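As structure tokens, here come the structures.
In the two assemblies presented below, chain A is common to both, partnered first by chain B and then by chain C.
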Partner chain A sequence: MTDMLRPPIVDSSPLKRLFQGMFGTPLNAAISLVILGFLIWLVPGFLRWAIIDAVWTSNDPELCRAPDAGACWAVIKARGRLIFFGVYPIEEQWRAILASIVMILTVILSCVPWFWTARRIITTWLVGFTTYVLLMRGGFAGLDYVGTSSWGGLALTLFIFAAVTIAGMPLAILLVLARRSELPVVRSLAAFAIDLTRSFPLLTILFAAAVILPLALPEWLSGDKLFRVIAAFAFFFGCYQSEILRGGYQSIDKGQSEAAAALGLSYWQREFLVLLPQVFSRALPPTINQFVITFKETSIVSIIGFFDIIASTNAAIGRGDWVPYFVEAYIFAGMIFFVFVFALSKYGGYLERRPSVVGQQR
Partner chain B sequence: MKRLVLSLAAACMAFAFGVPAAQAGQGDTLAMVKERGRVLCPGHNGSYLGFAEVDDAGNWKGLDIELCKALSTAIFGSPDKAEIVPLSWAQRFPALAANDIDAIIKVTAWTLGRDTEIGLQFSRPYLIGTTQLLVTKALGAETAADLDGGSICVGAGSATERQVTDYFKKLGVEVNLITYENTNEMVASYFAGRCDALSGWGPNIAIRRASAPNPDDHVFLPDVVALEAEAIAVRQGDDQWVDIMNWLLSALMTAEQFGITQANVDDAKANPASPEVERLLGVTPGVGDRLGLSNDWAYNVIKTVGNYGEIFDRTLGADSPYKMPRGANALWTDGGVMFPLAFD
Partner chain C sequence: MLAPTRPQPPLNIRAIALQTAILGIVLFCGAWMIENILSNLERLGMTAGFGFLERGVGWDIGFTIIPFSPSDPYWRIFMIGVINTLLVGLICIVLASLFGTFIGIASISTNPLLRLLARGYVDVFRNVPLVLNAIFWYSVLTHLPPPKQAISVLDSAILSNRGIFLPSLNLAPWAVITAALVCIGSLVASNILRNRVEGQARTMTTWLPLIIPVAAIMAVLLFARTAPELVSLPTLKGLRFVGGIAIPPEFAGLVIAITLFSSAYIAEIVRAGFLAVSRGTLEAARALGLRPMQVMRKVHIPLALRTALPSLGNQYVYTMKATSVGIAIGFTDLFMVSSTAINQSGQVIEIMLIMMCCYAFINYTLTRLVNLANDRLKLKGY
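Moving on, here comes the complex of A and B:
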């Protein structure tokens, strides 16, 4: 690139540039003024409510009832453990804490490129999920048995999210391979399954898995409600994600596959060494999107009687004195969602900057 | 919406799988519960205040939960064998049919449709859900008739709206109904003084009062505008299990009528006041054998959770944050409609 082609260097301080951007034209100035006015009207009141007049630590809801009291963050102090761990027995809470850490670690490790070989990733998942389930369920080595009906809060939300996406992703790859298969029966079966699943709302599918399936299946096959729901959710995720991957496939030139075939690569080598790494690269933004949607969609399970983070937030404010402070509790739950979703987006940004998302770096 | 999901579920069951509604054979449920070592009752997906809520430590509390603990105590001698399964409203009937729970103790009204169409069998009612009116003390109203010319906050298109209209028509009293689509808005309006009285299902109103700026400024009018009977629902066909529900509830009410409480049950057992108390507390054996339970089951229940009045006061009544008046839920001897059956 030559100097001739560079844009003229604007010699101004950042402050000046900001002013230029905000008030450079009459329209921009008008928009800026409206927004500034709105902020001046909103922010001080919010800060007074949320911080200055807020009741922070008291365990006594009476203090929050004072007429000049702001936000009642005391509700989080008194009832926060419900939001994190639901109705998990308090004496056993250390197990829920440990299990949540294990689950977060499993997710983080799955995000680190070094773990992306079949053996490493499968080992990580097996160890992570087994540890989580053993810790939460107990019933061995002196740990009390705690049934899945007592699992809850963030601990449960994390588990559902991790299990759904980690089981759903390989499923998505299988489905997209099947849908692009040259065998007509496999192809149309996969297309039918995907289209059928996508034409039902998630809630209907989860409701059927939780409530109706055990009426149809024999007792020994129906398993725990939680695992039925995760399986159905993972299939739902797999169907959507496989269509995202199919979009990625369609963006790759047909010559890639043909060239790989000409070099004598087998079907699996073509798919896993040549095509899929590029597919993941291309399909990364919608894939991260799908993960974020799935994280938020886990709260649908509260409707079918799971004590996820939303249900346990409802429970946290659902006791006599704390009822009026639902806004604070929901803001807190919202912040938890924000932390996880924001981290996911940032991770997506990091992946996009990598030269190759999946394959070896050269 | 609740109805829709329910009928959808029922339709799926009928057409897709050909599975009949909730059914159980005679004695099956108790045998299953004993084999499992736990009795499964519904909780709520969140908190349903007063009936199934969660305390700071994450333990289930509330009237429905206490009844489940009473059931667990009657069967196993300990309240700890009650496992609370979080369920939404729509799930309770299919969950019962699928053996995910053993009994629906979830403020469920006994209605013809539920009794006949979805294979349920109901116990005797354990709570009378009354539609009531809440007013400010300052208003000075003693009964609903004093509200002549006043205004009443009511949910738009709700059953309450119809009930309140009918009730005041019957009284021959002119009132102005102010309707709201949103319950929070309605309650806020009442607290702001937009209407003279707040109408609704008694426990809900009591719960709303507890969150008022000054709960003591508000009182219930004694009028019962309308009522529904809340009962325990079980799978059809298991008469023994229904018997257990009925006699468990009766034992709680009998204890209250005879003044037997958690605190004095040991005295009452040592010096029984009547042959009926002797039978109830298992001094004279027989009360358990006929139900498939131990003969001291009623003693254990009263010792563990108290009598009906104690449970009510602890969860909804005077000793709870909601301070709901007993009203229709008092024993017949105290002007209510609750009555024990005879332990003969």
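Moving on, here comes the complex of A and C:
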């Protein structure tokens, strides 16, 4: 009897556990062998293509045409400028580099809990965004003016992402307040707009903004195509984000609002001082997920004629001698997205696992 | 604006005035914009209304499974757009569900190597935009060798830059569809009837869903032939292929991209579903003497499916909407058809309205279906 009660012996040596997991049962052993075989077949060939036989630096595509040449990373060196900054004037390129760094820094800073108060986060984003626009646009203090039509590549993607989130977040708050309003007309209008928007693909909404809005608005209101598209994108973002915030509202005890009302706070004080701070900290993980999705979906603008990363990658290999090396160029563009999106989503995952976000408010 | 605890809110003049004003502003803006569009269109010399639907199209369409010629009326291209969107969407949903479930189960397997591979897959495909994926696979497919040097797989499928060619059956499509509907119908009917009838009839409900499909398949195989031999293999004739079915690179690229992208998300949903089944439940099943496979089949999968279903539904709707990136690689889905039609006919509002109604209808139906499944499968109190 005592034998049966003894706890099972667990060998905690990680290597042994790994081996146990891989070959512990016949099925696992078979699966492991198949995977190992696949990897042995794939990895050396891939490494030879991607690293050993690769052509790294050459402005001459002829070198890549050698029969035993592997990946042609030279295409990145030759055309990388286009992928990162589009057709931004080359002598002004330092401005695009600096502006992109500022924007990336803004995103990184807003991941630090110290910035998570309404005032700090709004200041950070407004300062970052304004710096970005001033640097890119120029036209003052001896900087040459560069119009938005010359913005492109990663720099444009960052711009669209930042503009959409900056305009979309207040919109989301407005929409969620409207949807939770006690006024039936406001409530049903907001619900109608949100649900309708959410049932369309983003592409159709951006397309409507680019093509149809100029017909519906007088010239002085319809503005630049880029800004129309950003406004529509921000509305789309606002609709999704407002549903996330609504989820956050639902997780907050009703007593919070009642206690605030009992203390004599007005509607706006209740919402902005008591409820919304709690909503945001509850809804932080899905909000970050929404940022991740938004960053990825900025790539949609390439379809309606903007020079974001995807479109400029297409242009980089579109003509001339680099056409056959589309795989390398697309892998590189994919890696740019991967770095941003993966880091952000891993950060979201870390926040989700952390025991409490609420305690970090101040 | 009101204190929420007041039991019987009296008629609030301020609230009513505010709402009337808001409604007025919204209606005014809407009317103003429509008025602007109408006057703009008039200036461009176009007439509003749906009369253009009967006009001839005058341009050709890339991919269609129903017959089409450029002289056909406009309403037909919207039909083709909807069919193409549904076709790609449904194929992707089915493929991504299968593949995603496989990846999801692999990512919680006891085998660390398999787990690593599954996690890697999910991380790569969730973090790269779908548009890039679509363009990449489309480029790969169009850079395949030309027909003369095409890659042949097992002498039946052919990969070339003109598309993928697969063997097909020489059967009339309408007969195959009818047979498929009969099979599904008999399965559904027997499932519904099984718990409602007794005795002899009950035995019938177990046998009929076997006999009817077999009979239907036999009938189709025997009587619906379109050519003497059953299997049609694609073969090179001159510079093109004849026989089999041709899958153009736009279609194949889009299906591959959306399937890979969506299955990464579905894998995560499935994984979460499996992990949500409490350990106690599984241990209880094991303690009752069920074998591991039985625990999986009778307890783990049914419970995981119930947890995963609402998220799966959302993902299906997303997949359906994702087909709109087809325009990036020239696949004639609903969006591409509509935007081409807008360019060609100039009937902006009408076409936008038709397109949006179609998308709303497709997504609404899909959501209803998933909710229906959810309601039927839901366990009380679990």
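As a working rule, the second predicted complex is superposed on the first by the 303 of 362 C-alpha atoms of A that agree within 3 Å, B and C clash if a C-alpha of one lies under 4 Å from a C-alpha of the other, contacts with A are read in each partner's own complex, and residues count from 1 in each chain.
To be clear about the criterion, contacts are C-beta pairs under 8 Å (C-beta built on N, C-alpha and C of every residue); 3 or more make two chains touch, one makes a residue touch a chain.
Please read these numbers as outputs of a predicted model, since none were measured by experiment.
S.K.: Identify whether chain B and chain C fit side by side or clash on chain A in the overlaid structures.
M.R.: clash
S.K.: Of the two partner chains, chain B (first) and chain C (second), which one does A:Glu182 touch, if any: first, second, both, or neither?
M.R.: second
S.K.: Determine, under the contact definition given at the top, whether A:Asp321 touches first (chain B), second (chain C), both, or neither.
M.R.: So A:Asp321 only meets chain B here.
S.K.: Can A:Ile52 be said to touch chain B (first), chain C (second), both, or neither?
M.R.: Touch partners of A:Ile52: none, neither chain B nor chain C.
S.K.: For A:Ile122, using the defined touch cut-off, is the partner it touches chain B, chain C, both, or neither? Pick first, second, both or neither.
M.R.: Neither: A:Ile122 stays clear of chain B and chain C.
S.K.: Go through the superposed model and pick first if A:Ala208 touches only chain B, second if only chain C, both, or neither.
M.R.: both
S.K.: Is A:Asn28 touching the first partner chain B, the second partner chain C, both, or neither of them?
M.R.: A:Asn28 sits against chain C, while chain B stays out of touch.
S.K.: With the two complexes superposed on chain A, say which partner A:Ile300 touches: chain B (first), chain C (second), both, or neither.
M.R.: After superposing on A, A:Ile300 lies in contact with chain C but is clear of chain B.
S.K.: Touching A:Ala216 in the superposition: chain B (first), chain C (second), both, neither?
M.R.: Both partners.
S.K.: In the superposed arrangement, which partner chain does A:Ala191 touch: chain B (first), chain C (second), both, or neither?
M.R.: In the superposition, A:Ala191 touches no partner, neither chain B nor chain C.
S.K.: Looking at the overlay, which bit of chain C runs into chain B, 171-179, 297-305, 333-341 or 369-377?
M.R.: Among 171-179, 297-305, 333-341 or 369-377, the clash with chain B belongs to 333-341.
S.K.: Going by the contact definition given at the top, which residues of chain A touch chain B in one complex and chain C in the other?
M.R.: 204, 207-208, 211-212, 215-216, 302-303, 314, 324
S.K.: With touch defined as at the start, can you tell me which chain C residues reach chain A in the complex?
M.R.: 1-5, 15, 18-20, 22-23, 26, 33-34, 36-37, 40-41, 109-114, 117, 123-124, 126-132, 135-136, 139-140, 143, 317, 321-322, 324-325, 327-328, 335, 339, 342, 348-349, 352, 355-356, 359-360, 363-364
S.K.: Once bound in the complex, which stretches of chain A touch chain C?
M.R.: 18, 21-22, 24-25, 28, 31-32, 35-36, 182-186, 189, 196, 199-204, 207-208, 211-212, 215-218, 257-258, 261, 267, 296-297, 299-300, 302-303, 310, 314, 324, 326-327, 330, 333-334, 337-338, 341-342, 345
S.K.: Flag every residue of chain B that touches chain A in the complex, lowest number first.
M.R.: Contact set of chain B toward chain A: 5, 8-9, 12-13, 16-17, 19, 43-49, 53-61, 83-88, 90-91, 94-95, 97-100, 207, 210-211, 213, 320-322.
S.K.: Which residues, counting only chain A, touch chain B once they are in their complex?
M.R.: Interface residues on chain A, with respect to chain B: 65, 67, 78-79, 81-82, 85-90, 147, 149, 152, 204, 207-208, 210-212, 214-216, 225, 302-307, 311-321, 323-324.
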